[in-house]
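Both complexes below contain chain A, partnered by chain B and then by chain C.
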Partner chain A sequence: MFTKNKKMDRILTLYLPLFMMLSFTLFPIYWTINTALKPEGDIVKRPLQYLPANPTVENFVYSWTNIGFATFFKNSLIVGISTVIVVLICSTLSGYALARYQFKGKRSFLLMLLCTQFIPRSMMIIPLFIIFKNLGLISSPLALIITYTAIEIPFTTILMSGFISNVPKELEEAAMIDGCTKLQSLRHVVFPLLLPGIVATGVFTFIYTWNEFLIALMLTNQQSKFTLPVGLSSMLGEFNVNYGALAAGSVIALIPAVILFAYAQKHLVNGMGGAVKG
Partner chain B sequence: MFKRKWSTSALAMTMAASLALVGCGGSEETSSNTKEKAAPKSDEPVTITFWDENAGPERTPLWEEVIKQFEEKNPNIDVEYVGIPNKSAKSKYDAAIAADDLPDVGSVQTTWLPEFSIREALLPLDEYFEKSDINGKINPSAIEFNKKITQDNKLYGIPYAQNLDTIWIRTDWFEEAGVEEPDTFDEFFTAIEKMTDKANNRYGYTIRGGAGGSFQLQRLMFAYSGLDYFNEDGKPNINAPEHVEFVEKYLSYYEDYTPKSDITNGYKEMIAGFDTGVVAMVHHNVGSYGEHKKSLPEGSFKTIPLPKTADGKYVAEGGNAVNVAVFKSAENPDAAWKFVEFINSAEAQSTWNESTGQIPTNSDVLSDEWVQNAQHIKVAFEVYENPETKLYEPPFYLPDYRSILDSIVDPGIQSVMSGKMTTQEFLDEWAKAIEDSKAKYDETFKK
Partner chain C sequence: MSYPQSATDTVVKSKKAVNKNKKKIKSEKVIPYLFILPSFLIILGFLFYPIATVFYYSVQHYDVSAPYYNGFAGLENFVNIFTQDKMFVPSLINSVKWVVAEVGLQLTFGMILALLLNQTFKFRGFVRAVAFIPWAISGVLASVMWSMMFNEHMGVINDMLMKVGLIDEPMAFLASTSTAFGAVVIAELWRGIPFFAITLLAALQSIPNELYEAANVDGANRWKSFIYVTLPQLKNTIVLTTLLRVVWEFNNVDLIFNLTGGGPAHSTTTLTMYIADLAVHGSNFGYGSALTVISFGILLIFAVLYLKLSRYEKE
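Take a look at the complex of A and B:
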């Protein structure tokens, strides 16, 4: 009797709320996939079809080949991966300096890093445009990589310095007593312990670049250099919305993010925990 | 010791490599820019860029088709298409004007012409147009309108497609209920009442209460009153008694005869209401034909003009057109003009407008078979060609005209619908905003 009650309690207090929350979050995604699999005529038809009556992959084929999603996808990947690499190198190094060394102006440096996060993105558009125009980088993926890196570094540096201060200094000292140089102790001792933090930072950065729309639109003047969000948004014409292709495009755009999260989930949770403890 | 050296140099290599990468990309891009900047001779290959301000899955392939035809006729000119999402198009142009990095040719809405010309971004096209074959064929009232709204009365954009606000109705429902298509505003209101059947989740009409509702309301108000935008004293007619009377009645239909969700209706929601069989009438323009055709069976819907004024006249808002403009920074304006001319040729306008469901401006297209067979295009012509039709002119030239509509009128409509504001207060606020803006403008330009 007691166990039965306990089971009931568990269902009511844990599983039911979890189920409700999950269906709330997952419904839009389910609906996107559902729409992507319907032929165009069925999408706005009443009564609504909760499962596609005539499932088709034509929307996927259409957005991948006709609208140029293959190109947008490639551009997004180039920008995303390059940004992640540069951001990780810079923020690990500067995060280490912030975590391990005491120097004059450290506090004001940290404050300045924080301040950069307060500037609204849309205010930076015109100055950025002029700078990149003079550099001859408009429509080049480099313009996006540089901008995203600059935007992400302050935040990721703070994040990384949190992770690094979580790694006991004594471990490094021990390694150095055993004959490691500073860099060796970094590589063999700190790095492996830091992996969850690096993965978390990398994932944050990647997701940001993957979803960023405004800067990507403004700094790109060539159709063939558009990234996914810009490509997706150009599916919403004033008079015509191709819901099927739009949904298929969204699903395509979703895939890398989902794979990344699935892979990084464990690290991500560890990493977050670390940051909070720090 | 060796190990230490190795890791240090590895680090140095990475940094050097990334620096070199940045350098390479830069120089490559610069060299291609200088290549473009070399002044081309008449038959030397030139590239012009074209920005489409309303890219979409239907329009983008169409433009590519038009560009292909153009390039076949002009083998030395290469047109590079850039499709910009409609919502962000204005800000993209704004940034490009500020940074002086513009395309050669762009599709621009009429409302942007005054602002862009004041900012000296556009090339006056009067001379080109006068000498061109298309002179005399493009709707003269649209050309005149484009000249009238700019500060120096020059022609900065050639209209290649027009639009007209109309009401889309479900003919099958009207027949079933035995209700006549409304011709006057009284009939329009009666039809809304008669077509509403809440028990079956059917409503007579849908109000655009969300984004863009201001356009709809403004056009209906003036269609009802037949007034000019400004009265003889130069004050806006927005809060004239006729308008107060109309808006009061119109918005009072919310919830009683229109869906509850109307308060947040944007374009997509409103059209979806019509296309999924929830509402019997929707006020939009001929441009949404393609959407209705996709969802509703042939013959179950058609478009009718906005109801007539009390004295039996049609009223339409002037400047409801999209234009092609050449930007001042164009390195080869002659090639750019050739493209503009081609877009406005009967051939290109016919292809383009037939597929987008808009109204051609080139009179040669009017005799095309598809125009004769398209009910919605014919309705638009009927209105535009009727000598009695009144075109009123909103003050597009006011730099904050659009932001007044977006930030005062759109939320104002919602406040009236939800009962937080009276119609009089709302229209007074709108009129004052326009009046203040105009005073500022007149003072600056000493008109």
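Take a look at the complex of A and C:
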């Protein structure tokens, strides 16, 4: 009797609510995949098919080759990877300075980083458009790479300085006593220990650039330069939406983000939770 | 034979070393500045400079389609906003509704999810990863997913509601003034729960177990230990995350832009949506900048008041 009550209690306070939350989370993703696999005619057919009756990949082929998702994908990849590289170099350097050195202006620099977190992103679209128009960089991936780097650096610098502080300074010094130069000790001692943190920082940066919409929309006016979010948005805004191809395009955009997220999510609770806790 | 030679060698070496050390100390002082220089310049040039220009443009006539008017405007843009703009007050009210609904619902469900995931059960790591997936999904992607589900002709939500008999015929949720706002709120809620769940879970894990044991000894039930142990321990995290989220949701237009575009009949036009629409489809950048400055001011005042009133970091 007692154990039965306990079981019931566990179902009511854990499994049932968890099941409901997960269903709410997963159903939209499932429905998108389901729609992407249906042939055009089946999508609007009633009764609705909760499983595709005639699964096909024609939507994927069509959106990849005919609508230009191959191009959007490539553009997003170029912007994402370039941003990650620049962000990692800048934030590892500045993170190292914050973690290992005492210097005049350190507090002001930290304060500057914190202030940027309260700058509304939507506030920047008009001035950024004017700046990059004057530089002749509208529709250039360079405009997005620079902007995303500027937006990501404050957070990634704080993140990296945390990771670097976790590598004991003594290890670095010991390597130098053993005859390593500063650079060698960084390369052979600090870097390997830092690698998981660097990868997590890179993944978060990549996901941000992969998903960003408003700035990309504002700074791009040629379809051949659209990133995935801008491409998806322009398709959704068309008068006759091709839902099969749109769903397939969404799945294409979804896959890299989810794979990277699956890899880095362990660091999320520690990193982001830690950052918010202060 | 070799002894004196090596001795002078050492002397020379040590002299060199001293010189090197002096140089080293000097360069050590410069190193941190060199290291932060790239980050500093990029932030200055592409975050702070653009923000400064918003303030500059807000007191200018700056219209790309009517350049002959361009020039200093004084406070004219601001006066126009407060006296003539019929969109300003309604969009501000929508912003407040949007922020209160989103942050309130996301916090509630995020807290529930965090409490669930803080218990021990099989496959917890996997379940946790799955529950956080929407965090990695873009606003545009979420818009596509939910616009297909809300759709009048192919929408699964209509299908389900008809099956359980709540409605008789399909509705165009996103095109009706009575349902559009709620529909967008639900879609954004879907994407926003993980943010609170992640941050609250991290905070929950740092609450010492002894506190719960003590409460248990004192005869507290689950609800009471949540109210008297968990909530006070989470207070600072909740204050900070809700503040960050208010700022974030106030400025977030991805879903509104893509699901309704601010319509129907401006029923989903928030202040940020209004500004984004002016920036993307309009040309009057001076006026848009003035609106931006006002919304920035509103957020700033809110942030200061909120931190004061919530007595952040005070017991």
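What to note about this one:
Note that in this section the second predicted complex is superposed on the first by the 233 of 278 C-alpha atoms of A that agree within 3 Å, B and C clash if a C-alpha of one lies under 4 Å from a C-alpha of the other, contacts with A are read in each partner's own complex, and residues count from 1 in each chain.
Please note the rule applied: a contact is a pair of C-beta atoms (placed from the backbone, for glycine too) under 8 Å apart; a residue touches a chain by one contact, two chains touch by 3 or more.
What you are looking at is a predicted structure, and each value in this text was computed from that prediction instead of being measured.
In the superposition on chain A, contact is made by A:Ser91 with chain C only, not with chain B.
Of the two partner chains, chain C is the only one touched by A:Ala253; chain B is not.
Contacts of A:Gly41 after superposition: chain B is touched, whereas chain C is not reached.
In the superposed model, A:Ser140 lies in contact with chain B only, and not with chain C.
In the superposed pair of complexes, A:Ile29 makes contact with chain C only, with no contact to chain B. The partner of chain A that touches more of its residues, comparing chain B with chain C, is C.
When the shared chain is aligned, chain C comes close enough to touch A:Phe103, but chain B does not.
When the two structures are aligned on the shared chain, A:Gln184 is found in touch with chain B, with no touch to chain C. Legend: residue contacts after superposition of the two complexes on their common chain; A:Asn242 is shown touching chain B, with no touch to chain C. When both complexes are overlaid on chain A, the residue A:Ile81 reaches neither chain B nor chain C. The interface of chain A with chain B overlaps its interface with chain C at residues 44, 46, 89, 125-126, 129-130, 146, 214, 217-218, 230, 233, 236-237. Those residues of chain C that touch chain A in the complex are listed here as 29, 31-33, 35-36, 38-40, 42-43, 45-47, 49-51, 53-54, 57, 109, 112-113, 116, 119, 121, 125, 127-149, 151, 153-154, 156, 159, 190, 193, 198-199, 201-203, 205-206, 222, 236-237, 240-241, 244, 247, 250-254, 257-258, 261, 272, 275-276, 279-280, 285, 288-289, 292, 295-296, 299-300, 303.
The part of chain A that touches chain B in the complex is made up of residues 40-41, 44-46, 66-67, 86, 89, 125-126, 129-130, 133, 135-140, 142, 146, 181, 183-184, 187, 214, 217-218, 221-223, 230, 233-242, 245. For chain A in complex with chain C, the residues that touch the partner chain are 13-15, 17-18, 21-22, 24-26, 28-29, 31-32, 35, 43-44, 46-48, 50, 89-91, 93-94, 96-98, 100-101, 103, 106, 109, 112-113, 116-131, 146-147, 149-151, 153-154, 157, 207, 210-214, 217-218, 228-230, 232-233, 236-237, 243, 246-247, 250, 253-254, 257-258, 260-262, 265-266, 268-270, 272-274, 276-278. Chain contact summary for the complex, chain B toward chain A: residues 3-4, 7-8, 11, 14, 18, 22, 25-26, 29-30, 33, 49, 54-61, 80-88, 91-92, 95-96, 98-101, 103, 267-268, 272, 275-277, 287-288, 290-291, 294-295, 356-357.
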